[in-house]
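You will see two complexes here that share subunit A, one where it goes with subunit B and one where it goes with subunit C.
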Partner chain A sequence: MQANYFAKKKRNTLGFIAILGAVTLLAIIITEYNVVKGFTSLPKAVEWGLANFYPTQESLTKLPDILDKLIETLLVSIAATTTGAVVALLFAILGSNTTRVNAFFGGISRGIATIFRNIDVAAWAMILLFSFGQSSLTGYFALFFGSFGFLTRAFVETIDEVSSGSVEALQATGAGYFSIIFQSVIPSSLPQMISWILFMIETNIRSATLIGLLTGSGIGFTFNLYYKNLNYDVASLVVVVIIAAILFIESVSNYVRRAVL
Partner chain B sequence: MTALLEVNHVSKQFGSDMKALSDVNFSVQEGEFVSIIGPSGAGKSTLLRCINRMIGASSGEIIFDNMNVMNLKKKDLKLIRTKIGMIFQHYNLVNRLSVIENTLHGNLGKKSTLAGVLGLYSQEEKEQAVNILHVLGLEEHIYKRADQLSGGQKQRVGIARALIQNPRMLLCDEPIASLDPNSAKIIMDHLRNISRTMGITVLINLHQVDVALKYSDKIIGINHGQVVYNGSPKNITKEDIQRIYGSEAEDLIFDVGGIHAS
Partner chain C sequence: MEANEQLTTAKQLLDPHLPKKIRIKTLTKSTVISRSTLIILALLSVYAFFSFDYKQLDIGEVVLSTFANLKAMFLEPHLKHFSFTHALYQVFVTLGLAFLTTLFGAVIAVFLGLLAAENLTNKRVSSVVKGSVAFIRAVPTVLWVLIFAVAAGLGSVAAVIGMTFHSVSYLVKAYSESFEELDKGVIEALQASGANWWQIIFQAVIPSSLTYMISWTFLRFEINFAVAIAMGAAAGAGGIGFDMFMASSFYLDIREIGAITYFILAIAILLELVAIRLKKKLKVNG
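== the complex of A and B ==
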């Protein structure tokens, strides 16, 4: 019985690896992707990068322009995350098993959040291009929808994990629904929720750069512009600025996270 | 003495086939200290939660302070819950809030929505909270965060939260199951003291037979959702313990001998 159990487990693992290998092989054959050529061209790519792709003295004159766009992108990302978080909090409270009003509304709000979460931000951007055209509003809404879906899920788990005990205790004292939310659920889950929001802001700043390519706005568009015009020195300056901004935001959010937890 | 609580023919079914309680009958007098004992899964927690309707019983009748708990409208249910304090095995505090804030939570049931949401407490309420914390020996920890306390201290905060309600009865669900023997004794002594000096009725689920026999005026034994013993701790016999605990009884009979001998 026991020997059987372990043998079966091992067989399953081996089977899984075999299938993964077969799928990889099939994909390579179908796309005619040459693995060897792919990897041997890497050094050449690096060589080209070193030769052309670095900021020069004169590209620095574009820096104020670039920073302008960078700040716009950062602000849009932060605004999309925080507004998304407010709506997510509402849906999470309605969707969590601990705090839902009833099973019906709980199911509906979790269902809506699941739909939004499973559509990628890039897909949202393309869908929204139809309604808002190429503008930063499109980028804002794409990030907003993605953040809303993801944060609802994260908040539901946080609420269920940290506040179910104290919610039960306060219900037993006869406390009303809103008292319980504000005196127990929010104080217990707030630090973890802030941590999730910071994570989302970091993620959104990264996505925003790519979304900008699609929506023709923000720092992503700036990069695209210079790159297409073969202005490699300015384009590389944009990349340097983006990396610096991401590192900066990450260290700020790590600091805040340590302070609140 | 009059019965403060009457449980008549109460049954509880979870889903279609899980019968957690069947035809439970007992009554509790004002000021009594009553222990419910029984093996894990016997239905002790379910029974306790049916009394303040944290779980709705499937059938039967529960009369607390001359009101039928099972027919109450939402508003009256809240009112009755303010008269019943509840204490939990895992304390169920808001870990990130201070001891005094957790204590004051016991008063939320009496507040308007606005005062509850904003956490507005009067000076009297705060003084009362401090007094209760003094009685429970927590005066040095009033402004500490709940997660900085030991288990025994957390449970005393749980008791403080229940006491500030000014309750007629305390429902305690295995309050000492997660504590070391020393802290457990402190908690049990506080509960007995509360019952004797304040006249508060105590209904407590316990896993430890010896503790139940030592502290209680009355023992209710349940097994498989049925009351199989209802009487004084003095008259309890090996056979009774056997009936309550079934196959688990072997390990426990020592305790009974010990307690009657001392």
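== the complex of A and C ==
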């Protein structure tokens, strides 16, 4: 019996490893990934980075310009997240199993959120580029759609998790739908929601860099400009500025999270 | 203190007309912070809307044209510059990039995650690993890819290595947190029986957090699929993202973007369904 168990376990593990190996091989062939180059390029990249990729005295003159773009990017990310969160709250209340009006609307609002979530922000940026051109609004709407989709899912889970008991209790006392929402559901899920919103802002700042690269706006464009001109010392300064901004926002949101949750 | 409270309640009982104050909402630290966070975010958003660089866009016109574009995109998709089989193949290239990244990331992250778990190493090693991982996470993926592209050239190698950085840092955080949840008694019991570090890891730590690790890894695979599309577009990594970038920036063909979006959407929703099913199955077994 026991021998059987170990034999089976061994067989399962071997089977799993074989499948994993086969899929890996397939993936390497299909993506034309060069394994040797993969390993050799790592030390090469480090060497190059140490030799070229650091800010110099001259690049510091570009700092005000970079900070300007950084602030623009931060503002776009924050605005997209907060407006996305407001819409997401509405959809989450309609979509959550505890607070939905009926199953039909619940299904529809969750379906809409699923579609918006699963189209990546980069894809949204390329779609919106057609009508909005190279303005801040392209990035704003791309981030808005992505945040809306993600936050709806997160808020639905929060509402389900936090307030199913209290909703039932309030329904038993005869409270109306809106008083249940405003007196119980929103206050009790607010801390979790704030935590999700802060997480979304962090994510959006990173995505904003990518969108900026694609649509030619914000800090991503600044990086691309210097990178394409082989002006690596300024490009590295941009990276340093981004790191500083993200770490700063992470620490602020960690502080808020610890106080709120 | 307690006696005083009893006194006041007694007084209130004796005198029913004494005004009783029921304070429901107290201004605790957490409510103050949560409210000020919301207010600050709202103010920043309002300020952002005023500071946006609108480039003289006529909002009404732009919104209308966006709707027209979305309609053309989703209702009249077509493939003009490449065939259906090519698109399908490119989707698999993107999936392949995501898979390789997740695999490399997971393997590295298991080891770093063990070092980052406070109960398996000491506090100093743990905080060093966690700190460097947070630093890696702060650099956006696309910048990692572009930085590597200088050394390795644009292509799948730079994309996979650059994306692996983020996967590692994400998974180290997830893995180490699930390792740290392991009961202290289990480790102590194994140590007392003379098991060495590796035996503890492979017999207790990893088996007990395996279900968590699998669901986090699969979640990362989902994310990596989306990231791989973006890298195809922004860093020339190939795959369906590159086709989308070409359709968007060179052919200016909104209907082709629509067709590609359907491909992406189909795979992404499929992955999400698999993830939900996986989670349920693991919960039943675990």
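Here is the rule we go by: the second predicted complex is superposed on the first by the 241 of 261 C-alpha atoms of A that agree within 3 Å, B and C clash if a C-alpha of one lies under 4 Å from a C-alpha of the other, contacts with A are read in each partner's own complex, and residues count from 1 in each chain.
Methods note: a contact is a pair of C-beta atoms (placed from the backbone, for glycine too) under 8 Å apart; a residue touches a chain by one contact, two chains touch by 3 or more.
Computed from a predicted model, the values in this text were never measured in an experiment.
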Of subunit C and subunit B, partner touching more subunit A residues: C
First, second, both or neither for A:53, with subunit B first and subunit C second: second
First, second, both or neither for A:247, with subunit B first and subunit C second: second
Partner chain(s) touched by A:191 [first = subunit B, second = subunit C, both, neither]: both
Contacts of A:14 with subunit B and subunit C, given as first, second, both or neither: neither
Touched partner set for A:169, first subunit B, second subunit C, both or neither: first
First (subunit B), second (subunit C), both or neither touched by A:44: second
First, second, both or neither for A:22, with subunit B first and subunit C second: neither
Contacts of A:119 with subunit B and subunit C, given as first, second, both or neither: second
First, second, both or neither for A:179, with subunit B first and subunit C second: first
Subunit B and subunit C contact sites that coincide on subunit A, given as residue numbers: 190-191
Subunit A-facing residues of subunit C, complex: 29-30, 33-34, 37-38, 41-42, 44-45, 47-49, 51-55, 57, 62, 65-66, 69-70, 73, 89, 92-93, 95-97, 99-100, 103, 134-135, 138-143, 146-148, 150-152, 155-158, 160-161, 226, 229-230, 233-234, 238-239, 241, 244-245, 247-249, 252, 254, 257, 261, 264-265, 268-269, 272
For the subunit A and subunit C complex, residues of the former touching the latter: 20, 23-24, 26-28, 30-34, 37-38, 41-42, 44-45, 47-49, 53, 72, 75-76, 78-79, 81-83, 114-115, 118-123, 126-137, 140, 190-191, 194, 197-198, 206-207, 209-210, 213-214, 217, 220, 223, 227, 232, 239, 242-243, 246-247, 250, 256, 259-260
Subunit B to subunit A touching residues, read off their complex: 52, 54, 77-82, 84-86, 88, 90-97, 105-111, 113, 116-119, 158, 161-162, 165, 171
List of subunit A residues in touch with subunit B within their complex: 162-163, 165-166, 168-176, 178-184, 187-188, 190-191
